[in-house]
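To start, the structure itself, in structure tokens.
For clarity, chains are labelled A, B, C and D in written order, and residue numbers in each chain start from 1.
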């Protein structure tokens, strides 16, 4: 179970991790995109701080939707609507709930991925954030269904996401700006897959720390 | 990073303030939003055009807000698509009851953010239509990929669809003419130097003293391939060939745009135009009108793009129509 | 040297060909001379304006040939005053019987070459008058020295004296109004990077990554002093202060030009304008009109200049008059 | 006496020397001017070749006037009208003559200097070509008046010009583009003074070689 207060810590942790990796994500995006991914996400997560603070006593759904709206109205670019949609879908899954069950977590990732795919029209193997999120979701789902504790299920998801990030190095992009480079994008890891991995890692880190 | 700026975080806001101070007769800024609209918006009964995208492409798009072109321009962070709420505000501010056409360049971010804004507008019963410009032949078109980018050819869409709206055409008609421009315009660009996003603080890519990037877009991303710098005539030849290979312009009349990316002097753009013009003449393609200058830039990047638009009588008439905006005036 | 050129020796000729190909409705080139004149030159009974100087300042001066501004522009080699015979040809080609005004920027070379052309014209009984623009406050004015340079403020002379000529004023009157502009316009510039004359092949001076040149002209020469790069607002403050120290603008209405030197994006020029505009407002000086863009450049140099012109009713009316040229159109 | 054929050789020699020093003169002009002095003069002297060839059988005056007209219509900048005027005045001194006497040489330099001063409104000490030419003229005049042979009189003029060039390093410019630099021009030698010195040196070299 992830309690509302843990969710708030997770959001803080993500904000911090994105801040620390702002330059790294931007550098990745300079190599095959337009060099703003870290700047975009950092601007977005810094902007949600006060908004989340204002709803910190509400349910998980409200908090996640607040994050969603905040990202949508400050990030821009491709990642803004995509992460915005993902958090929006996540919020719908846990509307009115004060805690997130392992099953909820699986559902959240499922819905988030569906949302991203509907909005961005990309598929696995297009060298996007989906290449981190889909394997992570599969790992999470398998672990939860086999009765593993959430903390270790999420650790597996993080591992799978990391593998997904590594995989993006081996392929050419079919979606996003990196697509314009054709085969020149091979050899570079996808910035969005990397930020997705970092967010999952942040979740895992908070759960471990709080355990 | 050598720039005439203050804080990298506020470049867009400060720029927009500077634009409004310079051109109060043309544009006003929406309070709290990075949106410029015509000083006399909304214009009742006229279809309104809204475009936008990341900043750093000036004079695109704010410079083209005015009579005969755009009604509103939304400015995202540098090279970053604006958020849906900003686009939505622009739509609300310019809507004069006849509907709003969104002119979107084909980038995943732009597409999604403008799409979300259109969804918001639809919920408030504002009639909205969209067109997506994808003129860049450097990128192969395919349904499996993102497809061709939208670059400088977009300015022709602003000009021609803007003229149609000004003439009183309805939303469907304005959209149809915008689509006709999009079908008939192709572009390709190249650069001699990278550019530096203020917030990033360092150049977007590296080029040796004798290298250039061919087939690149307007967001500082690298192109489709690196090459040793060639004489202007050879570069022009390559760009024109790629464009002509994409649609058949033979026997037709065209408009040409030699667009500078921001750091290249007009002298060089005119040297490019000399060759482009000669090449088209050789191929029996008649140049009806030529634009040379910085229309859709990439910060201080040195380089340029060539756009060619195939014209018919309708497009010629609309292209020739009066326009009065900060960056494009035509009598 | 990274440039979109072919042979450095032919940049001026090839550029002029490109200009004529782009703007045949506006300009034609005199065969065998690097001179652009209006397509319909000579205009009988109208005072004609001829300006020019070295090339590399595009769109100055050829871009301002057209209705309401210049009749002819003479293009020297890059940064080198044109020779007297070229100027003389321009004078002959545009003379419509009402005389010709030479608009000369205050450089020893320009002065002497235009002077010799005027002597040639006088020998053929063409009525010629000259004005010398010296708007650059970076250089101290003194009868013992060359005196202030002519820089971007010259464009105001073209616009306003051109409008007077178009209205049918005679040579004395046109000259008088040009002189009024010259008396009332001051400018100052700065740069972040040097530029490279194509034939020289290397930058005109060196600047460290954190340095800028203050008070420099438009020929790639170093400025009056080097400084560490400051925020745009401080730079704007320095330029405006130097200008305001030179003549008293208080309580008056002014036109402002934020001129880019060729390599600086519009975004930065607008950020400069924001501050310039605020400073003038604070001092109770009313900005009547603002121009922002590349009007008088120095090849691909990054940087800009600020020009301020004190207006009266006559100047306002002429500044507002219609103009139709390749680089400046006003409805 | 400088015979017409020697004059032709002198013009060729000057053309060659300017060509060899094109970059050097341009570099000097980059330091305190606009970096075109060598380019300008080289363009000019290359352009007069055919024109001089066409009048090579005529008198010294015609030849010098041809040089003058050629420079005026191709050099541009400040140095074009100034050197053009100088050669024009020189041509007037030896109109219809087939050779140039030592007295003519003194007169030529005198007239050329007057012409330059009338056209450019500069004086000695303004850091211009005059700072090489005026001392050279004085030395030439003194030597010729004291009966020295032309070849050694000109050698003295060259020496004086060299001193003049060195002197330009010590002063700030009052005329020409270098004036805009204020005191920053101190320490740099004047490009025009340098080209004047190089031309005088070329004359001397031809006379010595032909002696």
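In this text, contacts are C-beta pairs under 8 Å (C-beta built on N, C-alpha and C of every residue); 3 or more make two chains touch, one makes a residue touch a chain.
Predicted model only: the values in this text are computed from it and were never measured.
With each centre defined as the average position of its C-alpha atoms, the distance from chain B to chain C rounds to 29 Å. Our note on geometry: chain C versus chain D, Cα centroid distance of 32 Å, whole angstroms. Work out the mean CA point of chain A and of chain C, and you get 55 Å between them. If the chains shown are joined wherever they touch, the resulting network is a simple chain of contacts running from one end to the other without closing. Remark: the chains found to touch one another pair up as A-B, B-C, C-D. Only residues 2-7, 11, 14-19, 21-23, 55-56, 58-59, 63, 192-193, 209, 212, 229, 231-233, 235, 258, 262-274, 277-278, 287, 290-294, 297, 299-300, 302-304, 322, 324, 327, 329-331 of chain B touch chain C when the two sit together in their complex.
Per the touch definition, chain D reaches chain C in the complex via residues 26, 30, 32-36, 39-40, 43, 72-82, 119-120, 174-177, 179-182, 184. Within the complex formed with chain A, the chain B residues making contact are 54, 76-86, 107-109, 112-113, 116, 138-140, 144-146, 149, 197, 199-200, 202, 204-205, 217, 219-222, 224-225.
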